[in-house]
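Both of the next two complexes hold chain A, though its partner changes from chain B to chain C.
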Partner chain A sequence: MNFKHKFVFLLPGLVVLIGILIFPIVFTVRLSLSGWNSFNPELNFIGITNYIRLFTDDPRFWEAFFRLSFLSVTTVILQYVIGFALALMVWRDIMFKRFFRVIFLIPMMTTPVIMTVIWRTFFHESLGPVNDILGNFGVTPLWLSNPATAKITVIIVEVWQWTPFMFLLLLAGLLSLPKEPFLAAAIDGASAFRKFVYVTFPLMAPISIGAIIIRLIEASKIMDTVFVMTSGGPGTATETSSFYIYIKGLREFQMGYAATMSFTYLIIMIISLTIIAKVLTKLMIKE
Partner chain B sequence: MKTIKTCVTALISALLVFSPVAYADKWSDQFPHIKATGDIPGECSYESISKKNYKGKTLKINTHAVPVMGEPTALHAEQFEKLTGAKVEVTHTPAGDLYAKAMVPFQAGQAPYDIVFGFSNFINDWKRYLEPVPKKYTEMRQMKDVTKSHIGVASWDGVMYQFPVDGDRHYLKYRKDVIDNPEYQAKYKADTGKELRVPRTWKEYGEIAAYFNGWDWDGDGEPEYGSAEVMKKDDLMFAAFFSRSVAYSKNPRTPGGFFFDLKTMKPLINNPGFVEALTDWVEATKYVPPGGINFGLGDEINSFGGGQTLFSFSWDDALIAAMQDDSPIKNKVAAAPLPGADRVWNRVSGSWENQYNQAPYIVWGWAVGVANKSKVKEMAFDYLCFFANDANHQADLGIGRFGVNPFKKSDFDPNIYINTMGWDPEIAKSYTDTLLEMEEKSTNRVFPLRVPGVFEFTSAVATGTSKALAGQLSPQEALDEVAKEWEAILERVGKDNVRQAYAVGVKMEDNEL
Partner chain C sequence: MHKLYLFLKYSFVTLWTMFVVAPFLWALSTSFKDFQSVTSKVTYIPWVDFEPSLEGWRVLVKSPARGGVDIVEPYFNSIFVTCTASFVSIVLGTLAAYALSRYTFKAGFVRNNDITFFFISQRIMPPIVLSIPFFIFLSTLGLLDSLPGLILVYIVLLMPIAVWIMVDFFNRVPKEIDETALVDGCNPYQAFYKVVLPNSIPGLIVAGMFCIIFGWIDFFFAFILTFTEVQLLPVKIVALNSSVTPWWSLSASALVSVAPLIIVAFVVERYLSKGNLSGALK
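Up next, the complex of A and B:
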């Protein structure tokens, strides 16, 4: 068969790849080099002006990025710890195991934006039920209107919503582990704690790294929770990169500059996630 | 014979007297929405529109989400379909996306919607993509009834691009049953040495609100609070800040710009007048309900409309919600002009003038236009004209969630609210007098900023002021940051571009247009 004919069979896949992956990225790069906004609706070429502005004159973007890093890392660590604990719990033979497995998955199956509206109602300081109950004990935290507690509230909602995803991945990992190492540990008389530290955790390391990276990628795109609960406030206390890019792009219609931020953000994420994956591998997987 | 003559005369008289009612009933039977008034004759009345035949044509509308503006759009679309045979497709879009959803296809040279709803301050960015309202509509009686302020809001330098369907301004709403209560007046006097009255200044507003904050002054077993305000970042909060700023910064003796000095285009946003207003606003965080710093417009409406606060100021909705039949505080609230200030900043002399100043803020509100690339422009304008006809408009006014507020001179007749909505006459008069004073009588009005890149300017204000409210920056630091950002925006957009557009707004503010 002629080589060229073989190539034709790859064409549909290549076209799809170019259409849905390469083109948007190339277009974003082109857009980032333009001054497209509400009063200048064209792809004019302005060189790296937007990049200069981003790196020299936009501290808000970097503040939002560091805030996002804090929120992402904190939520993913909490999700991992809680998700692992829950997975270990239903991995064993306990009563109503199937029931618990389903229950633990429910938050993930709900629509994030709707659940965030419900959480916002829960945490509403003057009309919500949380402070109504806590008020009986003389405590009424400012869940959404204090810069520190607003971050905690966002973390609570994110952890509630996405711990089930971590739980699901880790439970699947636990169910796929070989039985022999556990039998050997049992014969050696290892305690439950030592079994976890020396058998379960190391065996789960590759799956854990995958789960953490997937969740970090998702968590770094946090938008709906911030948008609905706090609009990035109070002040800029909960403003994240994606929310800031949304404001610049779709509220202020600075399309060119928003593309610059998006592309820069993409590059930073690729680099930082690669580093995180390598560090986690080094820390968690022992040869 | 005399009896027959008398009977005929009586019959003719009865027909003459009752014919409008019979005529009205014909339409209100089919369309219960207008049952209070029936059809009201006019260029775009039910009777007139029913004579149009748009069978086989489709009208596409992008409007706000239900209920505010989205619900009346859909309702009048359904009525329009029944009357004309047209097919009307209504798309509902969240407020934050209205601008982009129209702007992206506009800029790409497309018109997926014949009619686009948005806010009146979009006009500068949208006008090149909108069809000017034809003379036929601008000269009709219905349009002649629109106030001068709202003709100005819907127009750009004399050309109307947005069809008036709603009117907006910020004014004070207060609990009349508290402010007018002799017991509370005596108690307030005894405790503070001051008169309890409708606040004339923002300082007085703050003092009274702080006094009535955190205790049960209406006897419902729950604590009430001083004021409900839109303080949530990016949720229209900058408009609330401008409402608090106008008294300190809109000096009738220094024409030539409120937001910028028109001559130099230097931002005025960090002058002592604005800083004083932001200082007051930071102070206000102490007398809003718990979580009030995160209140959006919906929260403000629910809070004041639900009887939780003494004061509120913003669009009409909170007052209308409070005056609806199912409200626990119906006929216990009233309207008044925005508070003023005992001193006003003179940007020319660079000093305070120690004299009372008050300025109405004719804030931006709902607006709607017809895409100039639409293929059904006539039908689109007919729909908008029908939307705002007298019968629909009066019925819409009484439904708080619709977000339709007065913008016609005839709306300022208190009898509309007394007869069709059951308002107390004194309250109806306070409402119409307040609005009429702002719309038609004041010569010190402030209009919304309508310049290229308007969202960049207002977004900077929202970010800066919210940092001050959250305690991240002092009022002066926050507004210095806003001014710096405004300078950068001016640089990007071009000072002359902004000046040219801003001059149109300044002409309106200086009563030259």
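Up next, the complex of A and C:
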């Protein structure tokens, strides 16, 4: 089965994808070498001036990047732990199994920005239910206007929104595991804990790695939640790379410099995700 | 020991369920409030804590001229863009996935896996990186603020998902099916269309649902690439948030917009429990 037919199947998709993407990527690189801004909207050539500025004179970009790393790694770890726990609990016998499975899936079906609008009212510092209930115990945290708690609020919302995705991938994995190793463990009289450590977890390692990588990729784009919830504030306390690039590029119209940041950000993403994937594979699969 | 375990298990599951449901209940309650019951103090239960009003729901269908929030048109725009982009992505993605699953490609150091990875890796691209050049690209083509422009962008977002799910799915459909069809005198296209596709319906449904989810929940591209002519639902609702916020109509419109996809949760669960998702999502 090795004829020209294979190209008839492959090429339409490949050509469309490359066709739509080639211009944006080439253009970003070219734009990053220009001084395009609102006063001077043209593709002049200023060499690597923008890159020098980014690497020597823009701590705000790097702070935003480390903040993004912190937020995405924290949320993904939480999602993995909670998602795995939930998946294990509704994996086999539990009352109302299918009811719980549906409930656990629902948040990922909802539009993040729209739910964030609701969460904003939920965490409203004087009119929201959270502070109303906590107020009975004498604490009313400033969920949105304190730099430290604003990060926690973003994390809570991200965990609510995306734990279901982790749950879905892990439960699908659990359901596809072969039965024999579990039977063998049962015959050996292994406790539930030992079964998990020696059977379930090793079998789930490849699926876990896949799920974590997929979630890290998606989490590294955190933008919608921040945009609606805090607009990067208070100050720059929740500003992530995407949001900073958005401000520079599409609010201040420093297109050239924004393209420089975009391109750098993309390269860093690709490199760090590759490294993370390698490290995770080493850590979780020991053989 | 066993009882303690059961107790912990059910407590955890119940707690998480409450956490999941809380914002929906809050939104539902808020959607029946009026100015007084939102701003005076925090209220929860209608009739007990406050007198319910239907104002929040009524403005959804009123025209903007009469002080309403017209979400009907954005609603249909969202449905149209999501469905069209998902359909195109599924068609192109399925064909490509079939090629990658059944044939061997070799060009220099590029192999099948590299091509598959190329497709899937497009998800790594942060939206902001694409949005600036797309902004300029679409305005050059005159497609800024139009439905076709958005659909074009959404295809890039969704095709990787279709390829990702379908490659794995086709890999599990036995090759013998196509081979038998070919021996029986079908040409490769007929074999694909008449034999392989009908056997891949669960995979297509799963891929379709994922495309619809990720198309429906996108906000950023719709926000950057459209202004007044075309508005999608999320943009419209977030715009409500910026003015003096009427929490009641905000909650009502939020509930209306998330409702259709909640049905998807039931479909996904069905396929999950039947075991059809297990391979498709690895």
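FYI, the second predicted complex is superposed on the first by the 272 of 287 C-alpha atoms of A that agree within 3 Å, B and C clash if a C-alpha of one lies under 4 Å from a C-alpha of the other, contacts with A are read in each partner's own complex, and residues count from 1 in each chain.
Definition applied: contacts are C-beta pairs under 8 Å (C-beta built on N, C-alpha and C of every residue); 3 or more make two chains touch, one makes a residue touch a chain.
Since the model is a prediction, treat every value here as computed from it, not as a measurement.
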Under the stated touch criterion, which partner chain does A:78 make contact with: chain B (first), chain C (second), both, or neither?
neither
Touch test for A:250: chain B only (first), chain C only (second), both, or neither?
both
Give one of first, second, both or neither to describe whether A:46 is in contact with chain B, with chain C, with both, or with none.
neither
Classify the contacts of A:235 with the two partner chains as first (chain B alone), second (chain C alone), both, or neither.
first
Comparing chain B against chain C, which has contacts with more of the residues in chain A?
C
Can A:145 be said to touch chain B (first), chain C (second), both, or neither?
first
State whether A:103 touches chain B only (first), chain C only (second), both chains, or neither.
second
Intersection of chain A interface sets (partners chain B, chain C):
127, 250
If we count contacts the way the header does, which residues on chain A are in touch with chain C in the complex?
1-3, 5-10, 12-14, 16-17, 20-21, 23-25, 27-28, 31, 82, 85-86, 89-90, 94, 98, 100-115, 117-122, 127-129, 132, 160, 168-169, 171-173, 175-176, 192, 206-207, 210, 217-218, 220-221, 223-224, 227-228, 241-242, 245-246, 249-250, 255, 258-259, 262-263, 265-266, 269-270, 273
Contacting residues of chain B [partner chain A, same complex]:
96-97, 99-100, 103, 106-107, 125, 225, 232-235, 289-294, 296, 302-303, 308, 452-453, 455-456, 459, 463, 466-473, 488, 492-493, 497
Considering only the defined contacts, which chain C positions touch chain A in the complex?
5, 9-10, 12-13, 16-17, 19-23, 26-27, 30, 38-39, 41-42, 44, 92-93, 95-96, 98-100, 102-105, 115, 119, 122-137, 152-153, 155-156, 159, 163, 178-179, 182, 188-189, 192, 213, 216-217, 219-220, 224, 233-234, 237-238, 240-241, 245, 247, 250-251, 254, 257-258, 261-262, 264-266, 268-269, 272-273, 275, 277-282
Could you pull out which chain A residues touch chain B in their complex?
35, 37-39, 41, 57, 60, 124-127, 131, 140, 142-145, 147, 230-237, 247, 250-254
